[in-house]
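Going by the order they are written in, the chains are A, B, C, D and E; count residues from 1 in each one.
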Amino acid sequence: MTVTYTLEVSRARFWGFPKLLIRWKGSIYRLMYLEMTSFLALFYLIMTIYRWGLSEEYQKQLEKVALYCREFTLTIPITFVMGFYVTFVAGRWWQQYMNIPWPDRIALQVSAYVSGADERGRLMRRALVRYANLLAIFTFQSTSTVIKRRFPTIDHLLEAGLLTEEEKRTIENIHSPQGTWFVPAHWFCQLATIARKEGRIHDDLHLKSLIDEMCNFRGQCGMIWSYDWISVPLVYTQVVTIAVYSFFMACLFGRQYLLHADVAKGTDNILDYYVPIFTVFQFCFYVGWLKVAESMICPFGEDDDDFELNWIIDRNVQVSYLLADTLHLKHPRLTRDLFWD
Amino acid sequence: MTVTYTLEVSRARFWGFPKLLIRWKGSIYRLMYLEMTSFLALFYLIMTIYRWGLSEEYQKQLEKVALYCREFTLTIPITFVMGFYVTFVAGRWWQQYMNIPWPDRIALQVSAYVSGADERGRLMRRALVRYANLLAIFTFQSTSTVIKRRFPTIDHLLEAGLLTEEEKRTIENIHSPQGTWFVPAHWFCQLATIARKEGRIHDDLHLKSLIDEMCNFRGQCGMIWSYDWISVPLVYTQVVTIAVYSFFMACLFGRQYLLHADVAKGTDNILDYYVPIFTVFQFCFYVGWLKVAESMICPFGEDDDDFELNWIIDRNVQVSYLLADTLHLKHPRLTRDLFWD
Amino acid sequence: MTVTYTLEVSRARFWGFPKLLIRWKGSIYRLMYLEMTSFLALFYLIMTIYRWGLSEEYQKQLEKVALYCREFTLTIPITFVMGFYVTFVAGRWWQQYMNIPWPDRIALQVSAYVSGADERGRLMRRALVRYANLLAIFTFQSTSTVIKRRFPTIDHLLEAGLLTEEEKRTIENIHSPQGTWFVPAHWFCQLATIARKEGRIHDDLHLKSLIDEMCNFRGQCGMIWSYDWISVPLVYTQVVTIAVYSFFMACLFGRQYLLHADVAKGTDNILDYYVPIFTVFQFCFYVGWLKVAESMICPFGEDDDDFELNWIIDRNVQVSYLLADTLHLKHPRLTRDLFWD
Amino acid sequence: MTVTYTLEVSRARFWGFPKLLIRWKGSIYRLMYLEMTSFLALFYLIMTIYRWGLSEEYQKQLEKVALYCREFTLTIPITFVMGFYVTFVAGRWWQQYMNIPWPDRIALQVSAYVSGADERGRLMRRALVRYANLLAIFTFQSTSTVIKRRFPTIDHLLEAGLLTEEEKRTIENIHSPQGTWFVPAHWFCQLATIARKEGRIHDDLHLKSLIDEMCNFRGQCGMIWSYDWISVPLVYTQVVTIAVYSFFMACLFGRQYLLHADVAKGTDNILDYYVPIFTVFQFCFYVGWLKVAESMICPFGEDDDDFELNWIIDRNVQVSYLLADTLHLKHPRLTRDLFWD
Amino acid sequence: MTVTYTLEVSRARFWGFPKLLIRWKGSIYRLMYLEMTSFLALFYLIMTIYRWGLSEEYQKQLEKVALYCREFTLTIPITFVMGFYVTFVAGRWWQQYMNIPWPDRIALQVSAYVSGADERGRLMRRALVRYANLLAIFTFQSTSTVIKRRFPTIDHLLEAGLLTEEEKRTIENIHSPQGTWFVPAHWFCQLATIARKEGRIHDDLHLKSLIDEMCNFRGQCGMIWSYDWISVPLVYTQVVTIAVYSFFMACLFGRQYLLHADVAKGTDNILDYYVPIFTVFQFCFYVGWLKVAESMICPFGEDDDDFELNWIIDRNVQVSYLLADTLHLKHPRLTRDLFWD
């Protein structure tokens, strides 16, 4: 489900962004409370062992380890790599949104260019927009866990009315080692050609217009599929993950309060705190930033922040039938408007 | 209201940018004086308690807390995450401006392609551009608090003359679970098709041209709506907010002047200042930077810096009627210009 | 005036970029010598007061202030915010260049599509390109101080021959609360329609081609106007300015040589210099960087680096007449070229 | 082979990204285990020599070297240059993916616009799409080691059926010092022109549509070729390489545990570790980041992460024949869909 | 000459990027050996004077200067400004490549749309593509030192056969204060119009297609010219240059080994080295990075990394004649391909 909050901060006012901190859905807390809990559990485990489970000799050894870790946490430059990585992922995330195929342009043009109020005309217009929707659904079937779950097989599409029995048979009879997901685009073009031959499309220009729209629509489906196929290079993700998690592994030791001042001297060991409050903040900060990437890297999943594909598909089917069929030739009578002379 | 100041700094001269610091409207002061006041109030409250409300024992405890906070302020890398976040938000901000739909292209083409100086011709041209404007207003009704307030219901649009009684009835009779905001685009296309059939548009090419323009116009409306629907991922905003506000929470303690030199030794505690002047600057800097994001994240609101939608809508209605109707067929007689031979 | 130097550094060779340091026009020195002078004047004023105007007691007080300032200069992260800000401004700067409307495409097409060597044909072609130029000039009249000064009123345009008497009257008779700067685009489209009706344009396609070009041309004018209207958010500019100037305010004290070693101990106070040479370099660096933004933020002004609008307008008028009228139907006789068989 | 893992992290959940760390194919370990091994071998070699191979005098000398190196590792700003460099390379990487020419648009349009179910019609459609595929393969022959290996000569293409005997002879008879890889684009245009003359393409518009598609297709091939020809400037790559490798050369000494506390005093020499665990992490981090660039800089090679060109070519040939020939005129009979009234 | 090395690193393997360090052409060594030599010469000069030319008193003075410089080198944030600047320059560099006008699209379309195998047909096709090439060469004549040297005057173009005697006369007879470099674009459009009138181009659509291509081609030429005219703002380049060179000026002193431990105490003066090895690395790094910018800022020059314009022009002339004339109407006979049924 998409988390929309822009209107809440439509005025930059006192208590604007901080107000957003109390939300749960899609929030940083929801995304990382398990990580946080694990981290703190380990932190206190080590604290317990160190304070009550070790002799002074071993305590001092562990303090040295802690100091060593402390330094390490200062030299790891997570911020940069995170900044560039998140920017990269966020770019892809938005590009994927931009490539979600909406059939509205096609539906508007089908309604305008394919004439004929008789049954065959209606059949054609409905089939044309259904092919567009079908193409989109075939695409998402292989790229989105949400749609895959909703329509696991072509039979589910048949039941949902996105496909006719006839079309299902046709598609199953095509022998193609590369799958058949792109076939509805072909049907669209062929059907448009027929409509032109029957004179329902009045001009070759309008035929071309429809076919161009379908090519662009299919191009967007191809991009959706490409973003799924070509992930962010695994190495990049691993580098970032290693950076963040090794930082916090080092923190497990490095942020312990050291009991023996002679070992700790010269370092930041002022306060014997029981809650490592600022480490918690840093955790929120760095792991939260990583979670930003994690929730954006696959925007067609089930995260709170992911694009709501189920809604999109329902909407597209309904709106495209509405435009191409129900409202065809329906429009208000022309009357003088308020500003008429 | 938009804050325009470019011309004031059109020459890079002495006292160029600093001159801008004295402006109030849309300024950093206006956006953050409340935050600043709260911060200073808390700062002085803590100072008062620390100096006069605590025994020496507790003072030293608090000093240790202060030192601990001081360190924290050094390790939090706000600048980076801010830089990347603000760049991200600023990119979206400009993209939203670029997607504001202006009906000028449509109006120019309606005026050129839809002929007929009789009443029906005028009715058609006026209706075509009104549909475009109506589509834009429907879009902003659901994405901008400003327009929502101005036109809370469809009746307000009727009163404002953006819709005729007939059109209102038609739109209310459409049963669509997905709303009807996109219907004017459909009317536009249908009306254009009729105009073509009546011969008022002389060529299928010009019909296509008008329909393409409307598809692009509608695409822009869809983008406006998308930017509203798909916010910057909440986690990202929360991460940045946590970073900035935890920094200043730490400053509340960490920037206090420490009374006991033996605790404070080795740290930056040189001057017993009563006004934490540089902390104030840092506050201006970091919170100001965050406010940049806050005022850009929803550019269709009521901030000083937001795009003036009310003006834009008024302008669009007037200019599109002017071009499509009033000035139709009106143009100056051709005469020889000054450089003729 | 534009400062062109690329050819000078066309070879990356020894002494390449440093050679550019000796230029004056458009240089960092020219842009910031006043700031530099002021800074140094204040610096020496404070030095004088501190050394000879204060008792030792007050000197030590001031030294504490200096140390305090010194720290501050270490914590302010100007570089980042500058980097992101300048990138943002530079992006807009280039986008503005890209949106300068050049009438060449229109002129080439007018010359190719609008036939007729008689006077009416010439009148039409000349009027079409003049309308394009006029639209551009109207745009720059409200966005560029340079053009505003050159053509303060419409009468100046009349005198300059960019407008005929007839056109001036027509435009003054249009009642539009939103101005009339966009009207020439309308004239262009109407005149093109007439030319089509008269058969001077042979095909509806060519009419559409001309109208599309004008819509794009007008779109560019709209972008120019948008960049003027929607400035970089004021807060952003103020944040950057505060960062840079507070840094140098702190330097005024923090970079003084401290006379009393006991106060200064542990800090960088090695050399009693009279010229704060490296502070001067830092000044060049940071303020210079800010000046980059300052000279790019309004590229239609009078800075050395601004786009030369006066030249552009003159060039456009001359070239468009040349292409659309003078060279119409003029082209060299076809002969065999050197490589013929 | 492409490494796809997006679906695995489609939910941002506990143990999301870390789970990716255990993959081998395309992983950081696979890419850099040799570097890591060499680094550690050298590290232990130096350790052995230093501890057991040197007199105390020389040990102290080497410790000074170590301290010197230690400082150096602190001042080298690898992170930045890496961040910008990787962003640059990643941009090119994705652009190259975007420019891979897919013949689907061409195949759909050939199927729709080139009519005729007779043999000549089929021959034409098959030839048109084969020319597109051939053009792509010629391009990749000179830019991808994978395709070069698969089709070292034009005879291999003949055997693979991508070229007919006739076409091979024709292409070999063309005398062109600039190669002939672009010739199939020309054949495509000429063949389309002939189809138009024969009336198999019904409208000049559709001819133009096909030729435009081919021009774009050819443009993408040109871009593929350009990215191969114009590498990232060598200097940039060298600068980054020098930065990373000099860093780790310094680490070889600087990260040794120093035996003599009097030399090491004041530095981070707390723990006598035998495994330089955090240096190993840094190595993973920096060299891993460099490897990201290395595997992205030539995406048409044989890295795990490279685009699978062999599969792409096979797929394109099969799909384009399917669309342009096998499925030509084949589409399901129109029947009422589930939502019909 | 372009330096192509992508294929060499097509596999991310051990010793991938480091292998590139041994190249000379286009390498960092070639670009900066003079700078490096000068720097080292000055470094050793100062060392010599300091060690053997000064009394102890002056030595200590100079040591103070050195310490002062040492600090300065720590505070100058070159990396950032370099990162942003190089990204800016690299963006322009690639945009310039993208705007190099290639006549292939024009040649393909001329060959397809302009029919007639007689002499006049050939003359026309050859002239059309020659005009495109001529336009590109005129553009590069004023923007590239390489082409300027090759064709200093129009007579050289005549000799090279890029222009006929007739055309030269025509162009010289045009009186235009703005030059005549854009005139071939006009000829192209006029000639295409004539071909349409003679019926050699069969449809107005194809005429428009050719003219649109020429407008885009001319647009690219305009962009090339714009990138030459509008340099990166001089201030920006100066700021970066000052930053880098002042850094190394400070290094000349700051990286000297200090003889008197009492002055140097607390600073990094551990090793008395004779070769400032790490300073050399830093030099490579920073100056190398600057050289990246230097060699990218004018990509039409004679650097190793610059685009090979001479080759491009030769190729374009040959390929465009080949496509538009030699191969006109030539294409292989259609035969059944290997996969036929």
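Simple rule for what comes next: a contact is a pair of C-beta atoms (placed from the backbone, for glycine too) under 8 Å apart; a residue touches a chain by one contact, two chains touch by 3 or more.
Computed from a predicted model, the values in this text were never measured in an experiment.
**Q** For chain B and chain E, which third chains touch each of them?
**A** Neighbours common to chain B and chain E are C.
**Q** By label order, what chains touch chain A and chain C together?
**A** In this structure, the chains that contact chain C and also chain A are B.
**Q** Give me the C-alpha superposition rotation for chain A onto chain B, in degrees, nearest 5.
**A** Between chain A and chain B the superposing rotation measures out at 70 degrees.
**Q** With centres defined as the mean C-alpha position, give me the chain A-chain E separation in Å.
**A** Distance between chain centres, rounded to whole Å: 39 Å.
**Q** Roughly how many whole angstrom separate the Cα centroids of chain C and chain E?
**A** 24
**Q** Give me the residue numbers in chain A that touch at least two other chains, ranges are fine.
**A** 31, 80, 83, 87, 205, 291, 295
**Q** If every chain is a node and every touching pair an edge, decide which shape results: line, ring, star, complete or other.
**A** ring
**Q** So that chain A leads and chain D is second, what is the order of every chain round the ring?
**A** Result for the ring walk from chain A toward chain D: A, D, E, C, B.
**Q** Considering only the defined contacts, which chain D positions touch chain A in the complex?
**A** Checking each residue of chain D against chain A gives 2-7, 9-14, 16-18, 20-21, 23, 26-28, 31, 74, 79-80, 82-83, 86-87, 90, 97, 102, 104-105, 108-109, 111-112, 202-203, 205-206, 209, 268, 270-271, 273, 278, 281-282, 284-285, 288-289, 291-292, 295-296, 304-305, 307, 315, 318-319, 322-323, 326-340.
**Q** Help me check something: in the complex, which residues belonging to chain D touch chain E?
**A** Touch list, chain D to chain E: 31, 34-35, 38, 64-65, 67-69, 71-72, 75-77, 80-81, 83-84, 87-88, 120, 123-124, 126-127, 130, 145, 160-161, 164-167, 169-171, 174, 176-178, 182-183, 185-187, 189-193, 204-205, 207-208, 211-212, 214-215, 218-219, 222, 226-231, 233-243, 245-246, 250, 290-291, 293-295, 297-298, 300-303, 321.
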